[in-house]
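Two complexes, one shared chain (subunit A), two partners (subunit B, subunit C).
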Partner chain A sequence: MLIFVIRRVLMGLALLLVSSFVMYMLVDFTIDPLSDLRTSTDPSAPLQMEQRTEMLNLNAPPWVRYFDWLGAFVTGDFGVAWRTGRSVSDLLGSAMISTLQLVSFATVAAIVLGVAVGIVSALRQYTTFDYLITFFAFLMFSLPSFWVAVLLKQWGAIGFNDFLADPVIAIPVIIGIAVVTGFVWQLAVGGDLKRRVIHAGLAALAVALVLLYMQLTDWWLRPRLDWVLLTVTSLGIALTVTTLSTGLRNRRSLYTALSCVALGLVLYYPVRYFLFSNAWLTPYMNYGVALLLGLVAIGVGALIGWLWRGPDWKQSARTGAISAFLIAFLIFLDKVMSYWGAYMAAPAIGGRPIQTIGDRAPNLGGNFWVQVLDQYTHLILPTLSLMLISFAGYTRFSRGSMLEVMNQDYIRTARAKGINERTVVMRHGFRNSLIPLASIIPVDVIGLIGGALITERIFSRPGMGQLFIANLNADDIAPVMAYLVIIAFLAILANIIADLLYAALDPRIRVNA
Partner chain B sequence: MSTNDPQDKRDPQDERDDPFEAGETSTGSLDPAMTAASTTDEDGVVDAGQAENAIELREVEGLSQGQIVRRRFFRHTGAMAGLIVMILIALLAITSIGFNIGGFRIPGWWPHTAGALNDILNPRGGPTLRMPWDEGGFAIGEHPFGQDEIGRDIFARTMKGVQTSLIVMGVIGAVATVLGTLVGAFAGFFRGKTDNVLMRFTDLIITLPVIVIGAVLGKKLGSADPIPLALALGAIAWTGLARLVRGDFLSLREREFIDAARVAGASTSRIIFKHMLPNAIGVIIVSVTLLMSSAILLETALSYLGFGIQPPNVSLGQMINNYQGSFNTRPWLFWWPGLFIILIALCVNFIGDGLRDAFDPRQKKVPSARKMARADRRTARADARATA
Partner chain C sequence: MKIRRLTAFVAGAAAAALAITACTPPDETGDDGNTGGDDSGIVTDTAVTVGWNQPFYEYNTSSATGNATANANILYLMQESFNYYDPELNLVPNEDFGTYSIVNEDPLTIEYVFADDIAWSDGTPVDAVDLMLQWAATSGNLNTLADEDIETDEEGNVVNQDEVDANVYFNGTSATVGYITEVEVSDDNKTLTATYDRNYADWEVNLTGAAVPAHVVAMHALEIEDPTEAKQAVKDAIENNDTEALAKISKFWNEGFAFGDTLPEDTSLYLSNGAYLLTEMVAGQYVTLEANPDFTGAHAATVERITVRYNEDPMQQVLALENGEIDVMAPQATADLVEALNDLGDDYTVETGIDGTYEHVDLQVTNGGPFDPATYGGDAETALKVRQAFLKLVPRQEIVDKLIVPLNPEAEVRQSYNVVPGSPMYDGVTEANGQAEAFPLENDVAGAEALMAEAGVETPVDVRILFAASNARRQQEYAIMAEAINGSGLFNLVDASSDDWGSMLSAATDQYDAALFGWQSTSTAVTAGNANFGTGEINNFYGYSNPEVDELQDQLSTETDPAEQERLLGEIEAHLVNDAFGVTIFQFPSVTAYRNTVTGITPITISPTVFYGFWEWGTTGDTADSEG
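Let's look at the complex of A and B:
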């Protein structure tokens, strides 16, 4: 195993080296740093050309310049963008965070949603739901992301902001939304007519009630999770997690999840109003602390599971950890949302919270919570437009892989043993269907980084893609090369991780052979 | 590289157990199974599995592989719809504004050209297209898709953009097919060192997103002439195809009919091109089709970023880039090019899906759950009547 890892890493480094050389030659071939001077009518143009040639060492053959650049690059000197005179490392710093944020959110969202929809689609193979999903997946494959992004800007941002000026959903619209949700839900649930009707009715009713509740309590302008919503959502989380993780029959697991809900409700008030208050944690909050708190929640959830004992305490601990984390996240979300009103009223926002430009509002100020809110209002539309395409990919892929698995003999064996459908699907089917995904994710991440080029441009996010395009246009090789090397590095790393993951997940693959 | 490498295990969907018995032979040699099924039929004890098998065989009896594939493809509703729409779009784009061939101009029936400035008819150059439900009934008018702010006809421009996209798609598809097939075939057939070199070369190209390399190349090659850009994009788009073909060749070269050809004294090139390639054609066609749909999106995206087709030529992506700012005032400038990109890509995707189903022997047209239930009920009723 170790030899395999070392071999892969060495091969990756060699690949990176060769790739950087090829890309340097290619970029050097495409750009012309003197282009603006060639067409210039300035009498001093020839002199400037000479100076620039001198400065950039353009008379030397490209491979000499490559080795100069490489020598500096490996010592950590990424060079200087000569047009602006800024060092590339400065430029990259903030751009990288912005891009990574966007790409990672889009990846996670696409994987979670895509896999879920794909698996349901596979379980309902050749039903209306399946055909519907297939059609939408094809449609999404065919959508140019720049086109979608313009539409999102128009309807998602401007439309929603206009809606927020007077947030009233008409009753017929609520009924319409509820009916459509109910219809789609019954398609996904399947089964006989009675089951379908019951599920459609329940789903429609739930959606209508939630929308009505939001409307009546002025939720759109003062979003929050009060006792009612927190209880309802926490219970929903507990039941869903338990169902998927161990099944409701496992009473200890269910009790663990419910204990987590109870603990969350008890802790809600003190955490929300004391721990997260200005006097306590708020001045020290950052993503590190938030992550730490999340880990604490996971620990507490697992502990509750362990306390319920039983021979299968590990399953309870797993259920507890997932539920506790999600419930803790809800409380976190509530705190963030409590700043919504102040955020809307801020002069930098002016009552139009969904942003279409940049990755943060200028001169906003405010504490951690406001910053989080601000980042997410900027992130939501780019993430949506970026994830749509890979969402379709994951849907198709997980559908195919789930179908492959569900036709295996061991699934038949599992059914023949009398295992209930949940266990067959979740334990025997779902887990195995995830293995091939390990190989598709890195490829997809590379695609998303490429897609970020377009998304960042449309939403004017100052990310790496913007940096790349701007400097490619400005004939500035240093930042372009830095971008290319970082992307290639990420891609190679992702591929190595995928291979290792694959080898770890699938025992049939012997890596040291 | 050894076959135990995890990379060889990828894409379970595409890893099919050889789609064909040797491509040249028909599947007519399966009669024994047929007779077995019919004898059980006579006994009145129909084994479900055998019966199903028999139906399946009767379906393809006496047909060559090509005929089976063609039949399955023509039965695929989505693919046929995609094919028809695609042909209609291509015909519309080619005949309406005409085209240049070798400096020779073949005129079309549409009076306007993509570049000419016309008087602005409607306020802000709005579309003259009227739908049947509009007042005044259906009408095409002078500028059905509207005009831009300087009076150019959007229909002509869109058609020109469609032509550009189709050319780019065709060239990318052709270049990628040739390169990908050759690289994959040689890597898979010769294995060992050749395989290693070729696959490392493929890895080299895969390390960067296609659009990023495309932008770098497009900066130099993007011009009014779409051909150089398309050739360059084709030269980087073949990697996925090469991997699939290689996988197919690795398994094909172990088959008996290849040994037979070799024993009969066939040369290496004859074995590769006459015996193995026809057997890998399914994988190639399907993957090229899907590649072509992403080629369209790639070209439009590059043109959108300004690294693709340059004026005076028109590209759909370039149109959207130019006109996106006027979404509020002149939405038609934005809708039409986008609609045609989606239509073309969607058609190609559906055709690719139909081809995949047609070439995949494991794919059977399965009736929907509702139809199955109805059939069950009918047989149950018939049974009940028979026993009564």
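Let's look at the complex of A and C:
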């Protein structure tokens, strides 16, 4: 094992060295640092050309410059972007944060949704639902991201913002949406006709009621989770989490979740109106504090589970932790949403909250909550555009792997033992179907740190991809090379991690030295 | 705990929750009825938001790194200067900043007098010492280390840093400021007298203001607390040529004004002496400027705030304009873009015009190709006739009609090698140069045939055209040229396009016979053309040499009377036409689009383009940054 790791690392380094040379040569041949001066009529252009040639050592052959660069790079000196005089490590730092912000949420959402839909699709193999998902997945897969991004801007930003000027959904449209949702829902649920009709009806009714409620309470302009919505949503969370985590039969687990709901409702008022107020926490709020509060919620949830203990207190604690965290998140969300009206009315926003460029609105000001809101109005479209595309991939992948697992002998054995279907699917099927995912997710995640070049450029987010393109256009080799080497390094690293992870998860795989 | 007791506890908690439900929540009514119960801290001022394609990154626009349009635009809003261009490209003196005049013709001596009340935003007056530092820095005359002594590795990291630090090295050198060999500052620091070592025609645009405040440089470089003392220190250092102090000053001048991700905490690093103060910056995204309350000049801010946001992709700027995120945009014009802008509707104004770059075709005369006398055994006459015949066939009007008029309905063929259309000398120069008659817009095929017959050259002659391979517009131009010229049967165009065209112009002269590209004008300096046409000059890639042109250029470069400059330019261009040096085709089209709620936008042809006339901007209600 150790020898395997060492060998892989050494090979990786050699690969990195060779690829850095190749990349350096390619970039060097591509760019022309004197291009802007060549067509300038400025009388000083010749002098500047001379200076620049001297500064960048352009008269030396490229490999000489490569070795100079390499020498500095391995000692940790990434160089200076000569056009702006800024140090490359500086540039990388801020770009990486922006990229992580963008891709982390998109990746997590794509994995969670993609895997969930893929699993359902696999369980309903060769049904209309399965075909529908397959069709949708291939459609999304084949859409060019620049086009999706522009469509999202046109409809998701310009269209939605226009809608917000007078947010009324016509009754026939509400009925239409409800019917379509009901139809898709019954496809996913499956079963006999009666079951399908009941589910379709319930789903359609729920959607229609929610839309109507939103319309009647002016929810689009004043989004909030009042007592009604908070209670309904929390109960929904409690039931879903319990079902997936332990099954509703486990009463202690269910009571734990319900206790969390009750506690959430009790704490809603003091937390939302006093803890999260200007007099208390607001001036000190940042993501660190928010995370800390989230951890507290998890702790409290686990504690409740432990109080309901029994022979299997760990299960209750798990259910409690997840439920409490989600319910706490709802309260956080409600606080953020309460600034929606003020945000829309801000001069910097002018009643058009969904933004298409940058990662923050200029001249907005505002406290932590407004800042969070602002970040997400800028994040939502690029995140959606990244998500739609990678979501499709995960759907296909998890469907395939789930199908393979569900046809294994041990699944039949499990069923024969009389274990209920939920346990068979969630414990024996789902978990094992995730093993192959372990080998693609690291590669995907680390690949995404390279930045979504096109998405970042179109939404004008100052991330890694943007750094690369902008500097390539500016004929600035230092940041371009730093970017390329980091990406190459991460790609190699990701592959090694994927191999090791796979071996760790699946005892049947042996890593041969 | 027993389950039953816990159930009781939960029930009690639920009851408590319900009881609290009955309470009225705290007052949630803010100014809009929904602020979450407390002050949101949102800024309520209005602004005009301009979209631009490259972010601002450095305050010192004269340094080697800061010299970029993106920086110059922002500084135009922050700093006054001795003169500025008006929409007709006249150079207008700005007496709010100071006055200047020629006090002696031989040697050329200029006296700059600063206005009494012009001051940096920290209260220190803007005066002759600031201009003195500008001269010291950009003339390069005080540098004790020549450029070639700087040893760098590939990254631009200076290897011999210690040696550089010990020497005076200002990195933003302008050759023409170097013509000023002596400056003298009066005792009250209000007057600077600059003496040239030669007559220089474009002296008026040579030294126009100070890029950075001298006292700030000295306060940082020499660690002086008091601004007045710091100013004096700069003056002393330059007057006494104190290399130790100047070395520190030059180092700070080169590097001290570059910004990181946000504005530096030290506010002295971005002082203003003009209409706006820089108040916020997010690297790569936007800068915000606010009206300077202390500024009293004529170009005072009329709009409370100006925000400049960045997006490299013009089509995305159109969407941002439509979504209310920007109010004004002035990208490079393309057909798709103009169409998208026109589709925006009546709430927006789209104005087309010309920008500072012009397209032209130049001929290689020393590469052994069809335009080189050597090809015809040194027969200059024959080569000239072939060149003239070729240029007569270049379909200039057709190119303009097909490619440029759709973007700028008023586009015309440019007829001058030196002067920007619409600038004061354009009409006079184009009348004198005769380009319109020699190379008529209606292609003179008969004339070309006659010339080729006289030349007695076997036709068709192959002509290799060098242009940027991946530039769509130049591909189309080539296609139009090929169709028109090949049709005559006299010439046969060969596509010699390359992505490496920029370096091929000078490095691979035997690879092409004619070059199609654009020159960019950054000012109306009349001497700029010498680099293109003078014998052996840097931008003369073609071996063109005419002693009379060189002689006229010499006269021009020392001529300070505008009428005489115009006459000389006319004569130079007449030679270029007679020698069939090349033809000029069109001025690049520009487009400016803005929301109708912004008024007073009047872009000019050269830098600062759309930012010109910001003192006349106004808003009528809803801008990207105001309440709807």
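To be clear about the criterion, the second predicted complex is superposed on the first by the 461 of 513 C-alpha atoms of A that agree within 3 Å, B and C clash if a C-alpha of one lies under 4 Å from a C-alpha of the other, contacts with A are read in each partner's own complex, and residues count from 1 in each chain.
Here, contacts are C-beta pairs under 8 Å (C-beta built on N, C-alpha and C of every residue); 3 or more make two chains touch, one makes a residue touch a chain.
Note that the coordinates shown come from a computational prediction; the quantities given were computed from them, not determined experimentally.
**Q** In the superposed arrangement, which partner chain does A:273 touch: subunit B (first), subunit C (second), both, or neither?
**A** Only subunit C is touched by A:273; subunit B is not.
**Q** Does subunit A have more residues touched by subunit B or by subunit C?
**A** C
**Q** One more residue to check, A:255. First (subunit B), second (subunit C), both or neither?
**A** second
**Q** Regarding the shared-chain residue A:154, is it in contact with subunit B (first), subunit C (second), both, or neither?
**A** both
**Q** So, does A:59 touch the first partner subunit B, the second partner subunit C, both, or neither?
**A** neither
**Q** Between subunit B (first) and subunit C (second), which does A:34 come into contact with in this model arrangement: first, second, both, or neither?
**A** In the superposition, A:34 touches subunit C alone.
**Q** If you stack the two complexes on chain A, which partner ends up touching A:79: first (subunit B), second (subunit C), both, or neither?
**A** Second partner only, subunit C.
**Q** Given the touch rule stated above, what does A:69 touch, subunit B (first), subunit C (second), both, or neither?
**A** second
**Q** Kindly classify A:454 by the partners it touches after superposition: subunit B alone (first), subunit C alone (second), both, or neither?
**A** first
**Q** A:227 in the overlay: touching subunit B, subunit C, both, or neither? Say first, second, both or neither.
**A** Touch status of A:227: second partner only.
**Q** Which subunit A residues are contacted by subunit C in one complex and by subunit B in the other?
**A** 150, 154, 457, 469, 473
**Q** Tell me, which parts of subunit A touch subunit C in their complex?
**A** Subunit A reaches subunit C through residues 32, 34-35, 38-52, 54-57, 60, 64-69, 71-72, 77, 79-80, 82-86, 90, 94, 150, 153-154, 157-158, 161, 222, 227, 252, 255, 258-259, 262-263, 265-266, 268-269, 273, 277-279, 282, 307-308, 335, 338-343, 345-348, 350-352, 354-367, 369-370, 457-460, 462, 466, 469-470, 473, 477-478.
**Q** Mind pulling up the subunit B residues that touch subunit A in the complex?
**A** That would be residues 2, 4, 6-7, 9-13, 200, 203-204, 206-213, 215-217, 219-220, 293, 297, 300-301, 304-307, 317, 320-321, 324, 327-328, 334, 338, 341-342, 345-346, 349-350, 353, 366-369 of subunit B.
**Q** Note which residues of subunit A are touching subunit B in the complex, please.
**A** My answer: residues 15-16, 18-19, 22-23, 26-27, 29-31, 125-128, 138-139, 141-147, 150, 154, 190, 397, 400-401, 404, 436, 439-440, 446-447, 449-451, 453-454, 457, 468-469, 472-473, 480, 484, 487-488, 491-492, 498-499, 502-503, 506, 509-511, 513.
**Q** Quick one: in the complex, what on subunit C touches subunit A?
**A** Contact set of subunit C toward subunit A: 1, 3, 6-7, 10, 13-14, 16-17, 20-21, 23, 25-26, 28, 30-47, 49, 57-58, 63-66, 68, 147-148, 150, 152-157, 171, 173-176, 202, 255, 258, 260-261, 280, 282-286, 288, 305, 307, 309-313, 315-317, 319-320, 322-325, 357, 500, 502-503, 505, 517-523, 525, 527-532, 538-539, 622-628.
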